Amino acid sequence: MSLQNYSVTRSSKAARVAAVLGALCVILLISAPWWAGRAEMRLLGELFLYLALASLWNLMAGYAGLVSVGQQAFVGFGGYMLFALTMFGGLHPFAAIALAGVLGALVSVPVAVLIFRLRGAYFAIGTWVIAEVFRLGFAQVSALGGGSGSSLPMAIVKSLASKRDMREALSYWLALGAAVLVVTCVYLFLRSRQGLALTAIRDNELAAKSLGIDIWRTKFTVYVVTSALTAMIGALIFLQKLRISPDAAFSVNDWTAFVIFIVVIGGIGTIEGPIIGTLVFFALRETLADLGTIYLIVLGIVAIVVMLKAPKGIWGLIRTRFDLQLFPLGYRVIAPKDDKEA
Amino acid sequence: MPEPILNIQGLKAFYGDFQALYGVDMYIEPGEVLAIIGANGAGKTTLMRSVTGLLSNGPGQIHFQGNDISQLRADEVAMQGLAMVPEGRQLFPSLTVKENLMIGAQVGRQGPWNLDAVYRLFPILEERKDQASTSLSGGQQQMVAIGRALMANPDLIMFDEISLGLAPIVIKDIYAALPGIINGGMSAIIVEQDIAQALKVSSRVYCLQEGRVSLEGASDKVSREEISRAYFGIE
Amino acid sequence: MVPPLFPSEDGMTAILRLDHLSKSFGAVTVADALSYEVAQGEALGVIGPNGAGKTSMFNLITGTFGPDNGRVFFDGKDITNMSAAKRSHAGIARSFQVPQPFSGMTVFENAMIAATQSAGLHGHEAERFCLEVLEQTELLPKANVLAGSLTLLERKRLEMTRALCAKPKLLLLDEIAGGLTEAECKFLVQTIKDIHASGVAIIWIEHVVHALMAVVDRLIVIDFGKKIAEGEPQKIMESPEVKEIYLGIEADA
Amino acid sequence: ATPTLRVGHVSPRTGPLAGFAEADDFVLAGIEKAFAGGIENNGKSWNIEIISKDSQSNPNRAAEVAADLILGDEVDIIVAASTPDTVNPVSDQAEVNEVPCITTDCPWQPYFFGRNGVPGEGFASTYHFFWGLEDVIGAFLDMWGKSGVAKTVGGLFPNDADGNAWGHPELGLPKPLAAEGYNLIDPGRYQPLSDDFSNYIAAFKDAGCEIVTGNMIPPDFATFWSQAAQQGFNPKVVTIGKALLFPSVIESLGERGDGLSSEVWWSPNHPFASSLDGSSAKDLAEGYTAASNRPWTQPIGFKHALFEVVADVARRADDLEDPEAIVAAIQGTNLDTIVGNVNWANGPINNVTKTPLVAGQWQKDGDAFDLKIVANSAASDIPLTGDLKFLA
Amino acid sequence: MDWVNAIVQGTLLGGLYALFAAGLSLIFGVMRLVNIAHGDLIVMAAYLGLTVTATVGLHPLAALAIVVPAMALIGYVLQRGLLNQTLGEDLLPPLLVTFGLSVILQNGLLEVYTADPQKMDAGALETASIAMGGLTLGVLPVLTFAIAVAVIWALQWTFYHTAVGRAFRAVSDNQDIAQLMGLNRRHVFGLAMALALGVTAIAGILLGIRTSFDPSIGGGRLIFGFEAVIIGGLGNLWGTLAGGVILGIAQTVGAKIDPGFQILAGHLAFLIILAIRPNGLFPRIAA
């Protein structure tokens, strides 16, 4: 038995099949403006944006252990930056979305320095307070409508495209692009050296520290990157909503509670989880939303039951049953054929 | 042969995926002092945690005074008259010395042990009764831990690493008090690293190795060679 | 030629020097003006009663917690205020007395973390290196197993594997021989000897004294955070003081 | 088959603004009866289907349900009422989706400027009828001026769309009040649903305010009003927009409701009639009281008028299949409704037209409170029914 | 004088915040559980009070006699039936389960009581005032503050001078060893939650008299409560009172500068304290 015959792989057959199917799916979705109705496209667009938010939250909470209930801070911040940069900076909405990401990263730095002093659940509350500070702070900015908020001037909306159909297709593609981008980024990040470090931290901080992983810096990086991307998604969301107000922009229910439910139901700490969770969430929403509050109650119950009975979510159940991984992150050592014990 | 007060059969214990005990068989007769020895990580503490109900067990593995206690909660086991002096003392830091002792009486069993009796055994504790338990020296803390267990008036008392981290002189004191503790027919299990000491106070000894019993015998019969073989598993 | 910063007594350069390190937790003193040094490539054994502060000493060296007083020097630099992560990069690796595996990851991934994060290896090179170390520590057959499901023995081996994958200059081993069979123990001693021979300095805390004696060049004894004896292993073990404090067998054995 | 014109309706049925929508069911039932036989357009009969959704008093939700109505239910016209928090988000969705939209129950400044409207350009698809801040100021000054109260006024404006508009230094109350010689004490904009107003009360007390005015939601007013009593602040006149519109709110204040005053947009005494069935303001109000056992409220008239305009537009539009034709019909409206004349040719600014406004005071009339009209100089066709009295 | 007034009114407001926080502080102290649904439980207590006053016709303060035991019972059942299952090393389950609970409560209340703001009518108590050295103080806020002090004193006394308090402290120090002493931690936790929700009931009713409430306001109250706990130092009840007062004063003084800063100022005070003293002002010495 020679070591030379051993090899290490990072992929699997299931993953390759999934990649091909996924690519086909994306192509099909890109063509949606040619086959889907306006209402369906709007729904899909919203679904993609939620998928992006959920994947980002999952990266933070599921991998970096940063359980934030204040991500609405960055969603709202991004939205407001879109409005401010287009209305007062005269930027094209695309440029404003990109810049919103950069600014999101910048503000997240001092925020992180401050709230990283809190641990566990208190970190969660700290993030919420920050989001409230953002909300109340933006409510003081009278140029952006103060507490009453502001509408995006039609001229800016029209600068995207003058025809309504084209605008709708464009904002759909942006949402799809955002989702694909975020999921891909999260996947590549987790496969990288940094990602391995992050997973190690999640498993055992003491050991991680002593193996040369700078825990604070790793978490800080994740927080800043997530915040930047969340701000960009926020800008996209409010480009669709057209009107922003502090309460809408910094709503804990809309931008964090739902996102958390998506991740928990789908399976926290997996890349597949948020995808499944988003599909389930929208399926529930489309079938039950007419029940209004009952729907939210059902959602709450589902989340609790999943957390208690299947803490790894739907994908966790599937994975233990079929040993399946569509986004392979780990390493597998392949022993030479004659070496049966491996 | 009298009915054993505690009878363990095929006990297995797990921490998550990790198995710490692989089918341990053990018994102790009423009034007997039993010693358990074994290397670090052999599973001594795990055994005690299983018996006291802090770890969950399969059914039928542990009988205490004839009852199956394998699946009772720790507080229910305590009510049945089984007390433990845990490894590393583990006093309640936010309770005073007296409160630590009183918490021991929580199970509400009647018997010879009460605050006065404990103070008679360890007079220093009465002097310190209103101090924070953490301000005591290690030896005094061990006295509180022992007193706390006695307050429950148990039928079986288990000492995990009774002399761990104590100065030799303190260890002497504790062992000097031991006969006074178990004179009233109480049975005791002692886990001790100091083999000589363990053999001296006990009537029988078990040695654990990697979650299995590697030696069992009368304390005055087992030889040094047997013990070191059982300890380190020379094949 | 620049003179060595910490010439030790026999003229070799010290890889590690502790200078009057003190640390206490409330009333418990775990390090009491602890000073000693370790030469490049030396193997130092540490013994002492339970709770004497041996593991705490490792924590002070690796930066898990900081000292109340005193300084730590490593490889010519004052590392007293350096973070644990940086010390790991600088070349200090340890195994934990209570194994600390990344339970949700496979054995191979555990090794990869050390190789990529601490040793700074990349890609294929890291993978090959991990395979080599795993073979050396006999964990290769378990490479794809989740670390959480290993037995105690395998966990201890994993501790060792990870420490080795970090390519350390100084290896800290905390009670890795406890509970081994004689054969396993022999194998372990051989492995450590090999590592030692490759030039890595070692500090080894061990209660299984005969294993320790087979490897180390020097022994120190710690009690209540204080160094109470230091010197040639055989001599130390025979001193009556050590016999009483450590073995607890007074004069009778 | 008869074609169907779908009308979407967004209204805050629950939440802090629910008072505005309390008569929705009654009004909609009446409207549906009036529409039962369909509407004649270009010689063809059309069914009218009204789809009503709840905004939960939440602007985010209002935008969502408006988008649902437009994209999901594919409505042909969308209507909304009750404060900028409902009206603005709905109008914005309509504007971007190019759906004709008619709204009311919101002063026109927060509607127009709150949506970043540009005077002279206005909006393409969205139209609004109500009164403006200049009217409410005129009515208040009219009421206070006659009473001889000291000219020091405490202002309570929240940081919401209405509050920001009312307190706006240029467009809101401050400028005209100063012009009339009033001294306005305005400590700033508070967050709606505050727990504490002691700073306002202290400031008003220090300045010796005899009048308190502003625009509040009912819960905030209730908190303020009981704290004012706790802290010994007793103004002579309290005239608050929005919060004091509803008899239920006044009743919940008990004795302390007596003598509070407010703007009056509509009352049973308004000399107008419905263009749908000819019933008078009095008929409509009494009908509601009979049906619900509750006192009449001001939004009833406007909710009714909103659908009067819809019916009128549906009759006149050149082509009900074409949104642009519907918009043209809205623009060409000249209709006498139960709240007065609605004619966008007469508006103060693009897409806006105004209805008359007076001021009134709640006075205890036996067991019940009655809203007496005490100032009407801007709309003298609406008769006075009482005189302003000072608070005890 | 204005500033003095702002500070006095803020202190009184702080009493209410301390009541929001006391229950949180208690359960965190005993079982390290952070209850995200706490704010909604306060609101639920207010609604229970409303129902009792409306159906039985009791004065809101008299309704405490029914609402406090009812909430305590709910607390015990909630803890034993649900929350005990979430306790452990991992912080996600309790966080997410109480988060889910919060959504359920909020929407459940919405379903039953609609979103309309409600207020409890306490009659003359609402407007009664006393003059004191140039300041006019409302009787209700003064009463609230007095109740807060009394409640915290009572909790403190329970904690340090009763068997149940000893059990709380023992279980909080070390669950396993406490079990060995015959303490059923699930029961002890249930009792702690019952006590916490009993306090919550008082907070809810006083809130409902002071100002109006609707099903959605729980989140804001939760934040105030948390801020008071963290400012005061984890697990320190008197610290929690101090935290509440600091928060209340920050709000009224902030509002004095500009009413728009009222709530913002409270949050900023919290963040500043967090920056300077991450463990709060009076942390219980770490065991």
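So that you can tell them apart, the chains are marked A, B, C, D and E in the order they are listed, and the count of residues begins at 1 in each.
Simple rule for what comes next: a contact is a pair of C-beta atoms (placed from the backbone, for glycine too) under 8 Å apart; a residue touches a chain by one contact, two chains touch by 3 or more.
Because the structure is a prediction, the values reported are computed rather than measured.
Colleague: From chain E, which chain is the farthest off, judged by mean CA positions?
Modeller: Checked the centroid distances; the maximum from chain E is C.
Colleague: Please identify which chain has its centre, taken as the mean of its CA atoms, farthest from the centre of chain A.
Modeller: B
Colleague: Between chain B and chain D, what distance separates the C-alpha centroids? Give it in angstrom.
Modeller: The separation of the two C-alpha centroids amounts to 78 Å.
Colleague: Distance from the CA centroid of chain B to that of chain E, rounded to the nearest Å?
Modeller: Distance between chain centres: 43 Å.
Colleague: Just how far, in Å, is the C-alpha centre of chain B from the one of chain A?
Modeller: A distance of 52 Å separates the two centres.
Colleague: Roughly how many whole angstrom separate the Cα centroids of chain C and chain E?
Modeller: Between these chains, centre-to-centre, one finds 50 Å.
Colleague: Residues of chain E that touch two or more other chains: which are they?
Modeller: Correct list: 110, 260, 263.
Colleague: Would you mind listing the residues of chain C that make contact with two or more other chains?
Modeller: Answer for chain C, listing residues that touch two or more other chains: 103.
Colleague: Which chain A residues reach two or more other chains?
Modeller: Counting only residues that touch two or more other chains, chain A contributes 136, 139-140.
Colleague: Identify every two-chain combination in which the chains touch.
Modeller: Between chains, contact exists in these pairs: A-C, A-D, A-E, B-C, B-E, D-E.
Colleague: Under the definition above, what is the set of chain C residues touching chain B in their complex?
Modeller: The touching residues are 26-28, 49-51, 97, 103, 146, 148-153, 155, 175, 178-183, 185, 207-208, 244-245, 248-249, 252-253.
Colleague: Taking the touch rule as given, give the residues of chain D at its contact with chain E in the complex, in rising order.
Modeller: 14-16, 18, 56-57, 159, 187-191, 193-196, 198-200, 202-203, 206, 217-219, 222-223, 226-227, 229-232, 252, 254, 256
Colleague: Considering only the defined contacts, which chain E positions touch chain B in the complex?
Modeller: The contact residues of chain E facing chain B are 166-167, 169-170, 172-174, 176-185, 287.
Colleague: If we count contacts the way the header does, which residues on chain A are in touch with chain D in the complex?
Modeller: 38-39, 42, 87, 136, 139-140, 142, 145-154, 157, 164, 241-243, 245, 247-248, 251, 254, 292
Colleague: For chain B, which residues count as touching chain C in their complex?
Modeller: 16-20, 39-42, 134-135, 137-138, 161, 164-165, 168, 193-194, 196-197, 209-211, 232-235
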